[in-house]
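Below you'll find the structures, each written out as structure tokens.
The same chain A turns up in both complexes below, where it pairs with chain B and then with chain C.
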Partner chain A sequence: MSILVFLEHHGNELQKGSLSVLSKAASLGAGDVYGVVAGSGVRELASGAGKYGASKVFVADDPALEAPLPQPRVDVIATLVREQSIDTVLLAQSVLAADVAAGLSARLDAGLNWELVDIEEQDGKLVGTRPALADSVYVQVGWKGEPCIGIFRSGTFDPKETGGEAEVVDTPVQLEDFSTAATMIEQAHEEQQGPSIEDADVIVAGGRGLGGPENFTLVEELAKALGGAVAATRAVVDAGWYPYATQVGQTGKTVSPKLYVACGISGAIQHKVGMQSSSVIVAINKDPNAPIFEYSDLGVVGDVHEVVPKLTELVKQRKRSAS
Partner chain B sequence: MTKGRASVRPADYPPPFDAAEAIAAPSDPPDERIDVGLLIVGAGPAGLACAIRFGQLLEDAPELAERLGDVPVAVVEKGKQPGSHLLSGAVVNPRALRRLFKDREKKVEDMPFYGPVHAESVYFLTPKSKTRIPAPPTMRNHGNYVASLSQLSRFLAEEAESAGATILPETAADKLLVDGARVLGIRTGDKGRGRHGEPLPNFEAGSDLVARVTVLSEGTQGHLTGAAIERFGLQGENNQVWALGVKEVWRVAAPLRRVIHTMGWPLRAGARYREFGGSFCYPMGEDMVTLGMVVGLDYRDVELSPHDLLQELKTHPLFRRILRGGERLAWGAKTIPEGGFLSLPKRLHAPGLLLCGDGAGMVNVPALKGIHYAIESGALAAEAAFAALRPGQTPWTPGALESYDEAIRDSFIWTDLQEVRNMRQAFGKGFWLGGALAGAMTATKGRFPPKPLGTEPDSAQTLIRTNRARRYPAPDGKLTFDKLSSVYASGNKTRDDQPSHIRIANPVARDIGEAWVRMCPAQVYELADGGSGDEVTVQVTPSNCVQCGAITAKGGRLTPPEGGSGPEYTLT
Partner chain C sequence: MKIAVCVKHVPEAASRRIDPSTKRLDRSGEGALNAFDANALEEALRLKDASGEGEVVAVSMGPQKASDTLRKALAMGADRAVLVSDESAAGSDLVATSYALGKALAREEPDLVLLGQQASDSDGAVLWAAIAERLRRPMISQVAELTASDGKVRGKRQTEFGYDVIEAPLPAVVAVSDAINEPRYPSLKGIMGAKKKPQETLSLDDLGVESERAGEAGSKTEVLGLTDPPARGDSRRIEDDGNAAEQIAEFLAEKRLI
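Coming up: the complex of A and B.
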């Protein structure tokens, strides 16, 4: 088996998601694992993939690959698949990777499994796992033929360093006429203020049980004491209590911090799917029947207005005595 | 009944919406308009059958295909894909499909059906028991097939694409383009607007889609169909009335071998409640069943909740047994036009425009059928459009599309609907008297009663209160479910920060606000905290909306949200 992982880069860094997929592929021990980097002036980046388990990294370095457009990358990968007898291409979900995967699937007439959250080898074949029916069940998916293409849901794995070294191999870039028809006119980035809830180790989240926007200070103070970020539910974002960028849930962000403290959140499934992979979930709610208690590690039935300030005070005390 | 409060009607609080808003002249410069030959709005059974039939006709008319340009047939669909917004029982009469695919390789047996109906039971329910009654003649289903309409339409969409149609999913038909007296096409909805209408970084303006003939096959509560009926004065003899259906799909431990319909409990028979409806339960192969509850939206009780009635229904021993050891897979809701024959628009065409399927109200309520009428009307619309596009014809002159109305009148749609034309109205008189009258109508093939029975709009019923909600079961997450987890099971993950697509008067009388809270199966409406007194402010969560359309029947107005919003039905 030979697996090729698409290594997406941003500026001078390989993306964490791509490296995660790479180290997952290497951990399968199912044959050769290669990486491919495509861009302009990216040769330096390639060797960095060695310590995540790539034995070889193909580099397509060409000014025509400067813009993050999918079709030229499809050309590069399709050529590698044919010439290096690659049987599996894996990608980490992103706007670009989704386009590349779809293009590759059409170009090579290859099966594509998307939104994978796991992959393993069974009897010499790869079998992926992906959620179905709105995340309510997991199903196992395989590929009927080769090459197999799989794209992983973002944030599924963490990159694991294993400390190997990769051979860097330049690959010639030959683009199809139709692949150069698109040019990039402008690239825009969303401005972000404050710490991102997606990267935080600790999140304190507030829901409608807080009673009003002014009570979000309780949440903010606890977050500050714990050194974490503040998140909110859809209901309170809808009501205009807190900005949309902090919304956790099905139609907001998906987070997986080490600690998630839910204050006054009933925990409808729309919220649950955005935070259920948090390591430790603590819920404070006055309604003992709130669904959130069904999936909390620690639940406090009580009034957030009393419990949260006390908790904040205890955390501060503990920190003071520790320092 | 409420003491000390005058009885109110939702119609007394009209929504801030004018049908003229949904009509516009083209606004893009001529060279930026997108030209298509035949434009079909809505990828349901009517629209897709129209696309398929038109494609078949074009096969033998290459000159016409040439003349219609790069896109001879386009189908716009507001859902993520064809089928995303489709929900029905459904037991399908295969007649129209057989006709659509006659002379083709496709056989009904090869279509995505869950097999023919072999056995059926009709029951009258009381809370703990059931009485089997003979199936009324209109409800006999021998020779019909069980289907998921969502799945069937994905099949039809593939057929339409192979017949040359271009399907444009995630595209809302926002406005009907009218120039003088002639329909020119539609304008698609903007995408990427923020909550207050402001353009976000990914803003994409809608476009003018200009066509020779525009077919509206939008289904129940068609946004443009309603506007067109008003603009061209097409209102039929009676106004339209609707029912709301809520259904679930379950994986079950033991196969169900028959189709089941029930009447009676949990609905009440008394005339003052106006609770007309019933339930259905159909097998979907060896390991799934679908079951649902349908209630006429002319009901009066503030506390009536079709979603909770379905939950209550499942606690009946009959359904508990069927669902034992099973698991809910999907949930959804949709309205059904129930006015029937007398509510059909008086003409089904206007210059450059044709109306099909549920949007026009082609539903046979006593038979619980409409899909085959949708398919048949779509195919007939294609034939009329094709005839009007032949050399020397101009489809936008008045009367040019008259042949469509003639074909409908000659079809089984007309005779079927005419026979049962007064049945739905009779049930406004309560279950028992309604049932007796319906029997007389069946016996006389619709000649009794000699004078047509009228209807009032659903929103014109005065509201009453009976503490009905006390009896709804508490959701246990296994057999019975709350609304929010049900919305989740519909696959709905609509972007929250888009403008609200729901128009309601606000504030409203408490009874009306509470009636909307109960009625809506998707928890779109809540009463703002602290709303005391006789007037309440209704808080709207539009992203929960599964676009069932009940609010339009009951005093508000649903408009299309950004394309791609709403549920993602796959099994319904």
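Coming up: the complex of A and C.
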């Protein structure tokens, strides 16, 4: 077996998610494990993948790969798969990686399984595990033919340093016309404002169920009473109700506080992966079918506009009587 | 501008189950328009309204019942609907679906193909990239703000690092996020008028899709088994009858969190 792991970078760092998938691939002990880094001026980054288990890292270094756009990366990986007889391509979930994986799947007519939380080798074939239907069932998935492509759910594994050196190999970059037609006009940069939510012991988060940006005061007051930080879902950040720096989820921060209070949050997978490792999760939502109740320690079917202010008052009372 | 919008007919949330015999999602019950696709359709209608001309075609692949979903799309304002429906397409994975749907879309020759951010039944959130590849067109995903002018589309989208602005020449493929708009409800006039709008059903044969490239035969992934997920400790559920706040406070005190 020869496994190629897509190593995503941002700034001058390989992403933790990619390195985690690389460690997992190496731990399978199922043959050769390679990495691929695609970008502009990224050769320096490549050797760093050695200690996470890559024996070889292919580097596609080209100004046309500067912006983190998926289609030129499909060209690079498709060429590598063909020329290096790669039979498996693994990626860590991200906005970029999902698009790369699906483009590659269509380009090579190669099976793609996503949302994987585990993978193992059985009789020379890979078998993945994928939660489905709001994680109420685990599905064992396989691939027919080669190559096999898999995307792992964010935060599924931790990167493991096992030492080791990777041979760095330049790979030629040949791009299709349509792959370079989309252009980056303005690239995202980290917005640093407000206190970081990643270190907070208590987080109170608000979602669309709050009804409007003005109702975030309910969340802020509860957070203040609990001595915690305020977080938001992607939906409300995209709608402009709250700053991006407070966003928890797949495209936001990953947090694991002692207490996470979700107010008016349905709990779609995009949010779940950012907060599921919180020690205690309390969810308040008026929709009894909200997926968040599936993974809450205490689920309250109720109106956030009534429950949250009352709770804030009760928390304040308890703190007063305790002091 | 001619815009094709991909819409999926998904089983109602409450009745979603995997059929143990086929290990596929049971699609025999009631279904509805995938809510995320309503955002894509709404955006198509807005682009058409803004330019004052053009055509919006709703395209779906699924069982015959998916025509209900297409009728909803027509009621919202789509001009025409195309359903790819064929028994041998059942059980198609990404490879097989993108191949057949790609053929149906290529036949329409749209300036823009729009998709929603995910399918609520399979949690799939990748189809657009496979469609763009099949059509060999530039693609922008996760778009939360979209504009079209001078033969180009420009999209603002969120990634793990903040907001990107990406531009692509038409023809292009764009996947929108659910934050992009609030989809309209079909008006009574729209619902009445939907029945008169053209709705065509295509077989795989009509599209020139070989049977070995469709359905399970054309799929490159397979379901091997089903197991129970690991349990996540005790989960308590309460309905607010006026004292939910007290119960939460008690719970937090019990856990020594306040």
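Odds and ends about this structure:
In this section, the second predicted complex is superposed on the first by the 187 of 323 C-alpha atoms of A that agree within 3 Å, B and C clash if a C-alpha of one lies under 4 Å from a C-alpha of the other, contacts with A are read in each partner's own complex, and residues count from 1 in each chain.
In the analysis below, contacts are C-beta pairs under 8 Å (C-beta built on N, C-alpha and C of every residue); 3 or more make two chains touch, one makes a residue touch a chain.
What you are looking at is a predicted structure, and each value in this text was computed from that prediction instead of being measured.
By the touch criterion defined above, A:269 lies against chain B and chain C together after alignment on the C-alpha atoms of chain A. For chain A, the partner that touches more of its residues is C, with chain B and chain C as the two candidates. When both complexes are overlaid on chain A, the residue A:244 reaches chain B and chain C alike. With both structures placed on the common chain, the touch criterion links A:139 to chain C but leaves chain B unconnected. Of the two partner chains, chain C is the only one that A:105 touches; chain B does not reach it.
In the superposition on chain A, A:188 makes contact with both chain B and chain C. Residues 133, 136, 188, 190, 234-235, 237-239, 244, 250-252, 269 of chain A lie at the contact with chain B in one complex and at the contact with chain C in the other. By the touch rule above, chain B contacts chain A in their complex via residues 201, 329-330, 477, 484-485, 487-489, 491, 493-497, 539, 541, 543, 568, 570. Chain C meets chain A in the complex at residues 13-14, 16-18, 23, 93-95, 98-99, 102, 122-134, 136-142, 144, 154, 157-169, 172, 177-180, 219-229, 232-240, 244-249, 251-253, 255, 257-258. Residues 10, 68-71, 74, 94-96, 98-103, 105-107, 109-115, 127, 131-133, 135-145, 151, 176, 178-179, 181-191, 202, 226, 234-235, 237-239, 244, 250-252, 258-259, 269, 280, 282, 284, 288-289, 293-303, 306-308, 310-311, 313-315, 318-319 of chain A are the ones that touch chain C when the two sit in their complex.
On chain A, the positions that touch chain B within their shared complex are 133-134, 136, 188, 190, 234-235, 237-239, 244, 247, 250-252, 268-270, 291.
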